[in-house]
Amino acid sequence: MKKYLFLFIASLFLASAAFAADSQIWDAMRVQNILGYGQEGSYKLGQLFTMLQANYFAQVYLAVLVGVPAIFVLHYLFLGPKVFSHDGKKIYTFSLLSRIIHQIAAISFIVLIPTGFIMMFGSSFGGGSFVIMMKDLHGLSTIAFGIIVIPMFLIWLKDMFLHWDDIKWLMIVGGYLSKTKKPVPAGKFNAGQKTWYWMATLGGMIMILTGAAMYFLDFNIAMINTMTGLSQIDLLRVSALLHAVVGLGVVILFFVHIYMAVFAIKGAINSIITGYKEEEEVEYLHSSWYKKLKKQGKI
Amino acid sequence: MSSEMSRMKFYCDDDRCIECDGCTVACAEAHELPTGVSRRKVVTLNEGIEGKEFSTSVACMHCTDAPCEQVCPVDCFYIREDGIVLHDKDICIGCGYCLYACPFGAPQFPRDGAFGTKGAMDKCTMCAGGPQETNSVHERELYGQNLIAEGKVPVCAAMCSTKALIVGDAQDVANIYRARIASKGKGVQSAPYGWSKAYGN
Amino acid sequence: MANTWGYGAMTNSLGDIQNAKAIIIFGANPAVNHPVGFQHFLKAKERNNAQIIVVDPRFTKTAAKADIYAQIRPGTDIPFMYGMLNIIFKNGWEDKEFISDRVYGIEDIRVEAAKWTPEKVSDVTGISVEKLMQITRVYAKSTPGTLIWAMGLTQHSIGSSNTRLAPILQLCLGNMGEEGGGTNILRGHDNVQGATDMCCLSHTLPGYYGLSAGSWKYFAKSWGVDYEWLAGRFKDKKMMSAKGFTLARWYAGVLAGKPGEDKIHNGGTNLKAIFVMGNGITSIAQQAKVKEALDNLELIVLADPFVNEAAILTDKQDDVFILPAATQFETSGSVTATNRSAQWRYQVVEPLYESKPDHEIMIEFSKRLGFHKEYTKGMLIKENKTSYKFPEDATDEIARIIKTIGLTGWTSKRLKNHTDNWHMFDEVSLRGHGPMKGEYYGLPWPCWTETHGGSPILYNIHRTVKEGGMGFRNRFGLEHDGQDLLAGAGSAPKDSANKDGYPEITAKNIEKVLGIKLTTDEKKRIGKNWKVDTSHIIANKCMEAGIAPYGNAKARAKVWTFPDQIPMHREPIHSPRQDLAKKYPSYKDKANHYRVDTKYISKQTEKDWSKEFPINLVTGRLVNLNGAGMENRASKYLAALTPEMFCDINPGLAANHGIRNGDMMWVHSPEGTKIKVKAKFSFSVPEDRVFLPFHYAGHFQGEDLSHKYPEGTKPYAVGESANTVTNYGYDIVTQIPETKGGLCRVEKA
Amino acid sequence: MTNTTQNALATKIGRRSFLKMAAVAGAFGATSSFASRNVTRAATQDEVKNPFPGSKKVRTICTACSVGCGITAEVQNGVWVRQEVAQDHPVSLGGHCCKGADMIDMVRSEVRLKYPMVKEGGQWKRISWETAFTRISKKLTSLREKSGPDSTIFLGSAKMSTEQAYYFRKFAAFYGTNNIDHQARI
């Protein structure tokens, strides 16, 4: 038994050695990477990353972290939330499956985004084990999100294509800039929700892929390198850049989403818990869908 | 180390480097590194092609304006007064950003966590240990020996079989390099890789 | 080489290479095999603008640093060197004075060289005429030039001719005995020179005394035992003087009598037991035969710090003993570097675990085999002691006995003193400073007396004998074919009492050669000749008179006792050029070659090997491993550098066989054996040859033998042994296997 | 807080100082310990000079190849703790190839053979030195009597010291055979 254990450990040892020997970053490619760094004709990704990471990313994120909620506070104070009657009829909007999927996504985002921020401002937390724990949480919740992102993408896909209403919705910013209650042109999902959908699914997938690339670091999938024409190290740099840029969009829309669900529309959060939306809410905020349902006689 | 004059630098003379891997192993052995991490690596390019093959030894170049230090989200890097770029492994979270910023591919990440997670970053310390108590057991375990504190030369350069790898104050290193070029009677070649980056200012 | 001028060793030192103006390297790869030594080559290039010329079948790391590189076909060094000589003679670039004073038999070389026109050489070697001309011009015009070689010249069936022609080339250019010149053979292991000097060899006694009855008598006397008793230990006196089996072919001694095996002459018995100490017998040619032999032995004893992989290779189920020998850091003793310098290797730590130093194991066995008292008596004689201290007393015993290579000065005290003060010696000349003034580092032999400083450059007549000067050794008689073999007038070492050539010094001629008179007492005590004179009278008188005890003779280009009197080209046994194999056939088969009949021409002409096996096979070393690699593969850092056995293959050749980089491939040998290795694309080999490193073991013909290691002893890297596929073929004189010029066939696995 | 942020964004200052500021303003209040880390504690003279107090340096020679590089071994309480640089050696000048740089692992390698073993019935079995000596000697003696001394071959090593090599040659001579060789013949 001990012998097999030993053999197993020895083989792991060798596997790790072989892994290192096949490295795309620290082995044969290393000098090429060095030579390519900052050369004419190269993408200069290393310098770009250094410049952005050193000077801008954290600042912009901090601005978002502080600025976006600040805008919401102002909005809430001056324009106030939309209040709809909770006594009227309820319209069944979200199936059980879609709710489960949403909840998983919600939980993972609630973990992902703060942990992401903690990593970004790791120095404020003194680095070390706490931040590492946050980093591991970030990775673990990605697994949950990774499992449901495709189903989520599929179940809502048919409702998410661009519609004439969306343009109109965008022109008036969903009616959130006025206090008056009047029907807003929108189908089952309004343009804001659609944007969030695309950002959360496609953007989310980009986040997963770029995050995974950075997590696994020294993997060797020749196809990716051939397809993108990037060396492994440049692939990682692109990943880091995309992760930061796309992440910014996700974070902003996530904040908006939370604000809308929790504060801007009173009680809106219940609909994703119970599956039912207030009829009045649908009538005003999703007027096109309301009309369609009426026509079909479903109300 | 008195401050103003010294800026410690490495330089590998590829006319002399023969890929004996002495530096790699000397480093690994002196600091008892896990396998899979080589702080110093010898790379040969154009192997077997007459007139084009050359080898060179790379590790952290202890850049003057170290990009790794700029991008680290947890600020675990610090630059000593003599120019040696070090980091604190107790603070490092193994995010990999320093690697993306580094022109030399110096930072490495031993996969010591569960499921092959990346551990704290490891790189050449120019044999100067880390922020822990000098020559303490804790320092030795995390960073390896602290030869600089003992007043000794980093082990890779000291053990270089052909004296291709030299280390010391940037000015001295440049002088040795120039002396070698001069004795060969050749004009000064284009500066070696990353020279401008690592030796900047 | 010893047959050319007396001693078979590196003539100069590594540091002295810095004095060279040109360095030509045949079949050696110092950048990989002697990296630290190679710094002196690079310094010569840097400081002296020395031209480095590399002649090698493979574009090695050394070639990468060369100024001129010639990719020669394996086994054609002789035509190449004759080609150089042809051009040298034609242009009159040879050192005529040196040749006439100090070399015998060059006329025959001239005749042979005339046949090797550059065009013909080009056809045989594959080197263009222009390149041959360029190399010859550069090398002949830049004197002093040093000539380097290693196993690339010796591991051929014509290895002993190779190692004669290289010195001849140097002699013709007058590069011998000069600073920055010489023939510098780079030895492999740390103490090959020392162990060879002590003659762990089957054809001679320590100090190259040979196996004649006279030599045995000298040793019996020096060891303090009765000659007849010692002779009684042997089967008979005939076997006592018969060369034994060699490392290369010991397996034949086990397998003899089986169908298809070569006949042996071993006193009527096969080999039944093997006793191995620190020898990776998995790195010798013909592994399949070695395995079969191991399986057929009655007793295998392997003493090593690590598991000797012979124990893994064999299927023998009983009576395989593995004994933990201590490493050399757990004992002390002297080691002789490649330049004949000795250093004292101090003990670092006590033997770990249950390991014991080699000598303790031997002494324990001598007790149980009943010859302990006689065995160790030699250590007691000098000071008439009652108990010995190893290794110091053994060092002094060696110094007392071995005169042929001048070890008299190598007392343990002096050797320790040199190591203790190694900082007091110069890097280039090895000269000592301060208290070590007058001595050279490590007392490079010959170190004639206990006050002599050693001889860093052999055959250097510009220095006095006391300072390490000497002419060539008088070893082959005084005349041959009516020609005088002693050196010409005026070519004696500096400040010599005798300016002429002179014979080796004996009790009879000492007065005449040195021009002195011995006292009666001296006449009584003096030994018969310089080789057996333990009274030191000859050595001391010679030092006073500036005379080298071994004489001052001519080097010989012609060795009349060899099958080829002058070096002749003969194609390898397995040659890819069948047309040339007919033109330059191998030797006649040789009976009783180190006790075993050895095939040459019959093997070469058995069939057209090159049809089935069209690819040349070259083996060699890697920088991180050494020998059979046991000790280095047991280090995780070294093993991690090359965790797997591989084969360097040209991408063009690989493409023809559908092999991609990193694929597994088979290498088949004419012996019917095969190995499975990883293909590694490399342009260092052209499309007609592949390269295999020979350090691996633990796999055999595709089978992983890992399970056969005792628990916890498996090295960090295992793989196929390249020597499983090296071909049959042995040197005609030394029986060194022909591993550098075989054939093979490759195939995708 | 908004104020702080805007100020921070407006003034062009380095990221580090900005973050430090943010950290001060932030809820967690953890300060970057960067400043204090810049200064290492002054080690005692003894610590600086030698991390292995009481160790001695032993001059010895590399066992890899015939160049004969010097090694300075640092030994503490009978344990080889590290390899020092033999900068003053006249041939190697402190240089080592990878093998030489790792000589210490020859001694402390975990896969060393630790005790005598014999293969019996295909299985490795640990035995004592005494048993090993006795069993091997018995077998050798009986073979020598039955088939003569030439039935044994001794393969020595170029890795032995000169003295050991000499005694190995002598061993074969006293055993009564010239079947002895070593690696010079490969």
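Read from first to last, the chains carry the letters A, B, C and D; within each, the first residue is number 1.
The rule is short, and it goes like this: a contact is a pair of C-beta atoms (placed from the backbone, for glycine too) under 8 Å apart; a residue touches a chain by one contact, two chains touch by 3 or more.
Just so it is clear, the structure is predicted and the values come from calculations on it, not from any experiment.
**Student:** If you walk from chain to touching chain, how few steps can bring you from subunit A to subunit B?
**Tutor:** Each step joins two touching chains, and the minimum needed here is 1.
**Student:** Report the chain closest to the protein's overall CA mean, measuring from each chain's own CA mean.
**Tutor:** Here the chain at the core of the arrangement is D.
**Student:** Have a look at B-C versus C-D and report the one with more C-beta pairs in contact.
**Tutor:** Comparing C-D with B-C, the pair joined by more C-beta contacts is C-D.
**Student:** Would you mind checking which chain's C-alpha centre is most distant from the centre of subunit D?
**Tutor:** Result for the farthest chain: A.
**Student:** Take the average of all CA coordinates in subunit A, do the same for subunit C, and state the distance between these two points in whole angstrom.
**Tutor:** Whole-Å distance between the two chain centres: 70.
**Student:** Just how far, in Å, is the C-alpha centre of subunit D from the one of subunit C?
**Tutor:** 28
**Student:** With chain centres taken as the means of their Cα atoms, state the distance from subunit B to subunit C in Å.
**Tutor:** Distance between chain centres: 40 Å.
**Student:** Cα centroid separation between subunit A and subunit D, in whole Å?
**Tutor:** Chain centres of subunit A and subunit D, defined by C-alpha means, are spaced 51 Å apart.
**Student:** Listing for subunit B: what residues touch at least two other chains?
**Tutor:** Subunit B, residues with two or more chain partners: 20-22, 24-25, 28-29, 35-36, 70, 75, 88, 161-163.
**Student:** Could you pull out the residues of subunit C that touch at least 2 other chains?
**Tutor:** 35-36, 39, 623-624, 636-638, 640-641, 711-712, 714, 716, in rising order.
**Student:** Multi-chain contacts only, two chains or more: what residues does subunit D have there?
**Tutor:** Expected reply: 15-16, 19, 32, 92-93, 95-100, 102, 105.
**Student:** Subunit D touches which residues of subunit B in the complex?
**Tutor:** 20-26, 28-30, 70, 75, 78, 80, 88, 131, 133-135, 140, 145-146, 149-153, 155, 158-163
**Student:** Which stretch or stretches of subunit C touch subunit B in the complex?
**Tutor:** 31-32, 35-36, 38-39, 42, 45-47, 49, 59, 61-65, 69, 623-624, 636-638, 640-641, 682-685
**Student:** Quick check: in the complex, which residue numbers of subunit D touch subunit B?
**Tutor:** By the definition above, subunit D touches subunit B via 15-16, 19, 32, 34, 37-38, 40-41, 43, 47-51, 82-83, 85, 87, 92-102, 104-105.
**Student:** Taking the touch rule as given, give the residues of subunit D at its contact with subunit C in the complex, in rising order.
**Tutor:** Answer in residue numbers: 58-70, 73, 75, 78-80, 86, 88-93, 95-100, 102-103, 105-122, 124, 129, 132-137, 139-141, 143, 147-171, 173-186.
**Student:** What residues of subunit B sit close enough to touch subunit C in their complex?
**Tutor:** Residues in contact with subunit C: 15-16, 18-22, 24-25, 28-29, 35-36, 46-50, 53-55, 161-163, 180, 183-185.
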